[in-house]
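The data blocks that follow each hold one structure.
One chain, chain A, links the two complexes that follow: it is found with chain B in the first and with chain C in the second.
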Partner chain A sequence: MILEQLAGNLIQGLVLGAVYGMATMGLSLIFGVLKVVNVGHGAFIMVGAFVTLWLFNTLGINPILAVPVAFAIGMGLGFIFYYTTMQRLIKAPELATLLATFSLGILLEELIKLIFGSEFRGYNWVVGKINIGVTVFPMAKLYACIGSALIAVLLYLWFNKTRAGSAVRSVVEDSEGARVCGINVGGAYALSFSLGIGLTVASGVLLTMFIPVGINPYMGGGYTLKAFVIAVLGGLSSPYGAFFGGLVFGLIENGSYTIFALLPGVEPFALTRFLSFVILLAILLIKPTGILSRK
Partner chain B sequence: MKKSYFKTALIFIAIIGFFVSANAIAAPKKLVIGHPACLSGKYAKAGEQAIGGIKACVDWVNNVYAGVLVGKKRIPLKYKYYDCESKKESVTSLIGRLITVDKVNVVFSAYSSGLTLRGAPVAESHKMLYMDHGGANNKIFRQGFRYIVQTIGPATRYHEGTLNMIHKIDPTAKKVALAYEDSEFAKMVMHGAEKHAKKLGFNVVFERTYPKGVTDLTPLLSALKASNPDFILGGGHFEDGQLFNRQMADLGINSNALSLIAAATLPAFYKALTSMAEGVMGPSHWEYGVKYSAQEAKKVKLPWIGPSQDEFVALFKKALGKNIIPDYHAAEAAAQVLAYVLAVEKANSIDSDKVRAALGDLTFMSFYGGWDVDETGLQVGHSMVDVQWQDGKRVIVWPEEAQTGKPCYPMPTFAEKAKGKVAVPK
Partner chain C sequence: MKNKITKYYPLIPLLAAYLLLLLIGKNISGMWQLVAMLIFYCAMGQAFNIFLGMTGYVDFGYVAFMGVGTYGMALAITHLSHIKGLGILIIIIGFALAIVMSTLLSMAVGAVALRLRGAYFAIATIGVNEGFRFLIEGARIWNGSEGLIFTAQLNQILGRETASSLMTFWADIIVLIIAVLAAFVTLYYMKSKIGYALTALREDEDAAKVMGINVTKYKIIAFITSACFAGLVGATSWALKTPYVFPPEVFEIHYTIEAIIIVLLGGAGTLLGPVVGGLIYGISKYYLAIFMPGFQLLIFAPVIIIIIVLFPEGVVGMLKRRVKGSALAKFII
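On to the complex of A and B.
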């Protein structure tokens, strides 16, 4: 029975981990290219959740179709925030960008609260279930997992097979060298920031496909914390590393619950959180570039 | 000469008498209720309801009841509130501000046990009457606070009705699972439920907590499923209750009954979950449809005060400017206004000590039901009702004397609900 539960939880963890990974790719991309830690990361996930909610509840649009819409909105927001705020702070001390992204997060939360109110909302997209013996999956969760993996592959292809992707990679390697070679470094920064925000907002859609309730302006805080752990796990500046970090995190989070539940007198969820942050500290101390990083 | 001395003495006595009596029953121009309200943050939903309830009853007291009678003078109520953002640190600073800057006469607590408990020492340090309409945790009343009085029913009694109902209608049900938020409030509720369940002969086959702000309950629910309970009691607050129900549906975990505290009774719960919420129950302090009235009060020999249920609903809608039916968060906050009014009149004073003493002796009935507190300020006069979602409507299913419909037991499975089956009593 315990083994069955463990297997079920690990599979659930893997599926959730793919979405967690996708939700961290934007954070890693922005840090990798601009060296900016987006403390307001969770607020952008929340925007994606509200885009889904609004499209589904008012226009009846399928959450899968909400992914490109949210991505486009995220890209738009990214360009606006880059040119109005981040561009001026790119060379400023790190504290300035930290505070700026923190402020942007609060700004978004309050703006969404003003428009939608602060109540916890949800939507009900019923697309069937699949029973794999040890556990049951709503199809929406599988779609979210597949969508996440697909976006990770597309990002990989964009980075490695397109001129724009190569330009961004060259800026990451050596921004001065890239400038000398005629690459528009400012443009690469703007594109990377917007792409990072676009991915994060799109991940908000996928997260609601996994958990379509509890949508409210302040829902992002918990995801920001998880994203930092995953980003460190996968290598702070590697978006694909973040995706795999998400998978590992999902497995640890769900798998360790079943094991900790065997210990008498403990609250397993508390220990899974404890374990997550022990891992974070251990990686920072032993291999600060992340266990999945080649550096 | 003698006459003139006498006259002067009389005038002198009259002047002194006037000032003494004026001071003795110093009737202010208005009585101000201060409230660190949860307008935003995690308790915003309950906070909005509480504000609507208070405003509705303040309106009734000022315009129908003609004000609070203190020293032969009718004084209007005023309601002063600030947004505490559902945060503990804001609650303490706002209570300080309400008492020292706004000079309120009474402070109403913020919603939830945690926020109520956080504000209590501040009110206590100012010797200010502190009325609790949203903190059900019994522990609040074991701290030795002198100025706190409760209107909401205590947490330990939340599930008594649910357990009594299942015990009566299904003698074969033996196994109960308890899964709840790791918060003071939920722990107290479940502690009371566990005690009562054992008393009724139920076997607690699963008991586990989950942290506040949890975003995935899958591992816990998988373990719960393995325990194969007959019915489940769970929840903590609105957001985790929503998640609990949703993920039970996702994992196809069926039971004869599911009762979730603080979430299942709210309209937003059904709005978010739609058919998945069919048959789900929740204990409530009050629901629209309960049959408390002036006639009912007469029957049980309790004094009656306040608007009728329908009058309250109309005032509530007017207060919020929204066409929504109030829930128990609104009703208990409103009943608290009525308790304060009666206590001030009984004490014939606005002094916190005197009003607190009067509240200790007060028993009454309003549209909210009975009201009575013990010597610690804990509410002992109010009974809970159990509500179930049946075909998209909230039906009061327990206790039998308050029923607006029979319970649907067992509730439909999640597979049946997905096919459109609604909860209908047999």
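On to the complex of A and C.
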């Protein structure tokens, strides 16, 4: 009985993990290329959630179609923020970029609060359920999982098969060398930054399929912390590492929840979040390059 | 000998500012609430500055130290209130417990996080407050998510009258004393070997290491000192002023952000910065709350970005550069 429940929760965890992974790729991409930690990461996920909500509730647009819209909005936000602020801070001490991205997150939260209000909202997308024996899946979650995997593959192809992708990879390897070879390093930074933000906002759309009534301007905070744990699991600077880190994290989160729920006198949800913090510190202490990297 | 006295000149504008605050608060009716808030912000900034300002490391989980300090005081009062005749001594035990607890937490966090640099340090610390909060709530430590309420105990120990004057007036005075103490310590560190080592570390950590400076040791000193003062501020401003403690409130990341804004506004790593920053931030927050309620963060967020991009040195940092070489230079650091 308990094993069946555990199996069901682990499968759920894997599906959620794929979306977590995709939601972290943007963070890792930005850190990998610009060496900037986007501390306002969760706020961009929140923006994606509100894009979905707005498109669905006012125009009746399918949340799947909201993904490209959210991606485009994210790219736009990324470009604007890169050219107004980040560009001037690339050479500044870390304190500056950390605070700038954090403040941007707060600014987005407050703007969304101003437009949509701060109560919890949601949308009702009916696409049915599927029973796989040990657990029942709403179809929306499966779509989100498949969408995440697809986006990860697309990013991989973009990186390895296009000129722009190669340019970005060369900047990651050696930005001075890339400059000498005639690559527009500033352009590569701008592109990677906005691509990272675009991916993050798009992931917000997919995440709403797991929390259809949990959309709120301050929902991003929890995701920021989770994304850091996942990014660190995957080695912090690799988007694919982040994707697999997400799968691992989904399994840990759901597995530990099932086990904590058996203990008397504790709150399993809070303990699960404490555990993710402990994992973060443990990895940073033992192997800061990530458990999934070979380095 | 003369050098020893001039060393303490910068404390003159600092103490003058605090004295002025006290006079305004005592003599103009209705101002004490604002003054108390300003004292709190100055104290928090002064405490945080010892670490952030002197090392350049950003600790996003800073509020956790204030939180455990609050719990230190709360635990002392709730657990010792049945002992007769402790009286005011219980507050002193509370402060001692606050220091012990914030020191222990900072040693635990520091042992992991201070091995890391820059971005990795920030990531390691960003979850400390949340992690600690979820530990308290999840494992139901110290009454879990229900928190601790100890107004009755405080009244019973000190008497209703003393307790209420402690909450409304003396707690603020204690915070002020903590702020002044933190300023003394900052100045002492700045003018000693610790300060020079930390400056070297802030400018170029690798070079400092090569020069034979034990950077880890000085980072730990600054980290623990800063955490202790944070614990004291929490124990006074939160536990004594409002005798209850709820985990989501005392581990709220926005206090960390306020501390960072204050330090940055005034000028990171300067002695007078946190006071200037605390006053500017506190006064603008107070009046924005009156005239534009609900819009404070919406206004502060872009302001921080602008400060980072255009005025990274802060007010005192710029002032310091202006007065360099003049007679005023002795007073402003």
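In this section, the second predicted complex is superposed on the first by the 295 of 295 C-alpha atoms of A that agree within 3 Å, B and C clash if a C-alpha of one lies under 4 Å from a C-alpha of the other, contacts with A are read in each partner's own complex, and residues count from 1 in each chain.
Assume a residue touches a chain if its C-beta (ideal position, glycine included) is under 8 Å from a C-beta of that chain, and two chains touch if they have at least 3 such contacts.
Values in this document were obtained by computation on a predicted structure and should not be read as measured data.
> Have a look at where A:267 lands relative to chain B and chain C in the superposition and call it first, second, both or neither.
A:267 contacts both chain B and chain C.
> When the two structures are overlaid on chain A, which partner does A:180 contact: first (chain B), second (chain C), both, or neither?
So A:180 meets neither chain B nor chain C here.
> Tell me the contact category for A:59 with respect to chain B and chain C: first, second, both or neither.
In the superposition, A:59 contacts neither chain B nor chain C.
> Applying the touch criterion given at the start, work out whether A:258 contacts chain B, chain C, both or neither, answering first, second, both or neither.
First partner only, chain B.
> Please indicate which partner A:94 is in contact with in the superposed arrangement: first for chain B, second for chain C, both, or neither.
Touch partner of A:94: chain C, not chain B.
> I'd like to know which partner A:126 touches here: chain B for first, chain C for second, both or neither.
first
> Check whether A:278 is in contact with chain B, with chain C, with both or with neither, and answer first, second, both or neither.
It touches chain C, and chain B stays clear.
> Taking the two structures together, which residues of chain A meet both chain B and chain C?
221, 267-270, 273
> Show which residues of chain C lie in contact with chain A when the two form their complex.
Touching chain A from chain C are residues 52, 56, 58, 60, 112-113, 115-116, 118-120, 122-124, 126-128, 130-131, 134-135, 137-140, 144-145, 253, 257, 260, 264, 268, 295, 297-298, 300-302, 304-305, 308-309, 312.
> Which positions of chain A touch chain C when the two form their complex?
Those residues of chain A that touch chain C are 31, 35-37, 39, 85, 88-89, 92-96, 98-100, 102-104, 106-107, 109-111, 114, 221, 224-225, 228-229, 232, 236, 260, 265-274, 276-278, 280-281, 284-285, 288.
> What residues on chain B touch chain A, complex-wise?
Spelled out, the residues of chain B in touch with chain A are 39-42, 44-45, 182, 208-211, 213-216, 218-220, 222-223, 226, 238-240, 242-243, 246-247, 250-252, 268, 271-276, 418.
> Can you list the residues on chain A that touch chain B in the complex?
Those residues of chain A that touch chain B are 1, 5, 8-9, 12, 16, 113, 117-124, 126, 129, 131, 135-138, 141, 210-214, 216, 218, 221-223, 253-254, 257-258, 261, 267-270, 273.
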